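In what comes next, chain A is part of two complexes: it sits with chain B in the first one and with chain C in the second one.
== the complex of A and B ==
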């Protein structure tokens, strides 16, 4: 056994280096479907941001009424509003793409026949509407 | 692409977090980003505090935050692999993503136990 083989068990003498085409970092800008794919993947940043933002809002809420009002006042700044419009659009893109993929993950059968994809998507959109109504009610029902 | 034996576990977190985020976050963001700050809707501070202080509400917030963070961790990890071609940093990226999500989840738990 040669010296490098003993030092590294994964070392293979004279292992061929196969040809690999170099990919540019921005390979996904070349085609609309690739850009959509990367945009969809990047929506996870908006998801994480919104989760942490909820905690920040609860923090301001816990500090008292004056801090809560100051927190809301700061969010009225056009810079924040513009940034949040962007985040919101990413969240919508996540929802639309996620619910659109639902029929691929969920195959429902009625008797022997498979439920059509459109019905599965419609069911998920109904769930989205119900969840949104629930969130709205949580914030607004008897809090005026 | 590297496949770890823990993959199914993280995929389950990714998938449930993705579903929860898809259903809940647009409405939540619309309220927190726009409706309350811009005065489209109004909610009394004391009533809102009381509502979020309920143990069940805190549990739901914790579940939502934790699953959203692990959804991010799993998806962002593969975004870095595929988008930026950082295959040689795969282990480091996985540790940073899942580790970051774990730390933030622990922080959220600590905060929500102490809340308000």
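== the complex of A and C ==
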């Protein structure tokens, strides 16, 4: 049997030489599913921002009417409105993708049967709708 | 029998010849019913006998012929050439995330070591004697873990997961799914032993839930689901141990 052609001077005969690939920095642009995943992760910043924003709103409210009005006036600026529309869209994307993944983690059984994934997702949406309706009802009751 | 010439671009790595892998083109006369593996076998039998790759059963059971075809990790014995786009060559590469030994052959020893860590076998505190009979199981108890027992260790899930190459210590999807296969088995009592490997930063908590492992799984094992389920049960266990320390796990 003839010797294999050795064009690579750094090769040591009979010694394995693995090729190891590096992960590129922009690996998350390589596949649509990776990009969707990174987007979902990034939208959690919108969730964190919303929590901080609500705290800021509560603080403004606690400082009195003048502070609260000033806070609202600042929010009416077109820049803030545009920013919050963006935040809302991010929140929506985060919520929808998160609820869609819920059945992976939550396995519920009714009697001996496993609840179908669609039912778990539907349950989450129902809870979301119920919570939103509660907030809306409270708002209407206070302002009505 | 219908036959068509299809261009294949195969990633070659022959360490004695080149330092970096190179693409090599092959024109293959493909029959209508051929899988990608059939085309590779044709290349090896008729064009270049030095092409290296793994295969065995040719029926999606042994899990040996996993490769990257047109960017997707697939079993080449279960991927019809006819189903691939014709406007560009069919690109065949080794599975991502593993070191390449030669051409399309990857080194899987790291996976085998991780698999052993999760103790994928039935663990009993005390074995019954044969005289006491077998461990009985209801169809519902079987259904609890059967899905996870379908894993054929083809490693497509490792190739699809971006966390595996980013966090080399990550135990990975198939090993965790197999651990869950035993954790959910009514005959097993080894969940606490497996926890040392699973509930760590290199275990389930390294998973960021990209979900591609479940998408590419040819056996519908759903490793992503197994990992998320384990996260929920590990969290519940932790809360239980904090709130009720007097109760053993």
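Everything that follows uses one rule, which is that the second predicted complex is superposed on the first by the 118 of 144 C-alpha atoms of A that agree within 3 Å, B and C clash if a C-alpha of one lies under 4 Å from a C-alpha of the other, contacts with A are read in each partner's own complex, and residues count from 1 in each chain.
We adopt the following convention: a residue touches a chain if its C-beta (ideal position, glycine included) is under 8 Å from a C-beta of that chain, and two chains touch if they have at least 3 such contacts.
Keep in mind that what you see is a predicted model, and the values were worked out from it rather than measured.
Judged by the touch definition given at the top, the superposed model places A:137 against neither chain B nor chain C.
Touch criterion met: A:45 reaches chain B, while chain C stays clear of it.
When the shared chain is aligned, chain B and chain C each come close enough to touch A:23. Once the two complexes are overlaid on the shared chain, A:58 sits against chain B while remaining clear of chain C.
By the touch criterion defined above, A:126 reaches neither chain B nor chain C. By the touch criterion stated above, A:94 is placed in contact with chain B alone, chain C being left untouched.
Greater residue coverage of chain A by touch, when chain B is weighed against chain C, goes to B. When both complexes are overlaid on chain A, the residue A:84 reaches chain B alone and has no touch with chain C.
Counting contacts as defined above, chain A residues 23, 28, 41, 105 meet chain B in one complex and chain C in the other. Considering their complex, residues 15, 17-19, 21-34, 36-38, 41-49, 51-52, 57, 61, 64-65, 68-69, 71-72, 75-76, 78-79, 82-85, 104, 108, 111-112, 115-116 of chain B touch chain A.
Contact residues on chain A toward chain C in their complex (touch as defined above): 4-8, 10-11, 13, 16-21, 23, 27-28, 30-31, 33-34, 37, 41, 101, 104-107, 112, 114. The touching residues of chain A, when paired with chain B in their complex, are 23, 25, 28, 38, 41-42, 44-45, 47-48, 50-55, 57-59, 61-62, 65, 68-69, 72-73, 75-76, 80-81, 84-85, 87-88, 91-92, 94-95, 98-99, 105, 127-128, 131-132, 135-136, 138-140, 142-144.
Those residues of chain C that touch chain A in the shared complex are 13-21, 71, 96, 99-101, 107, 140, 143, 162, 165-166, 208-212, 214-215, 222, 224-225, 228-229, 231-232.
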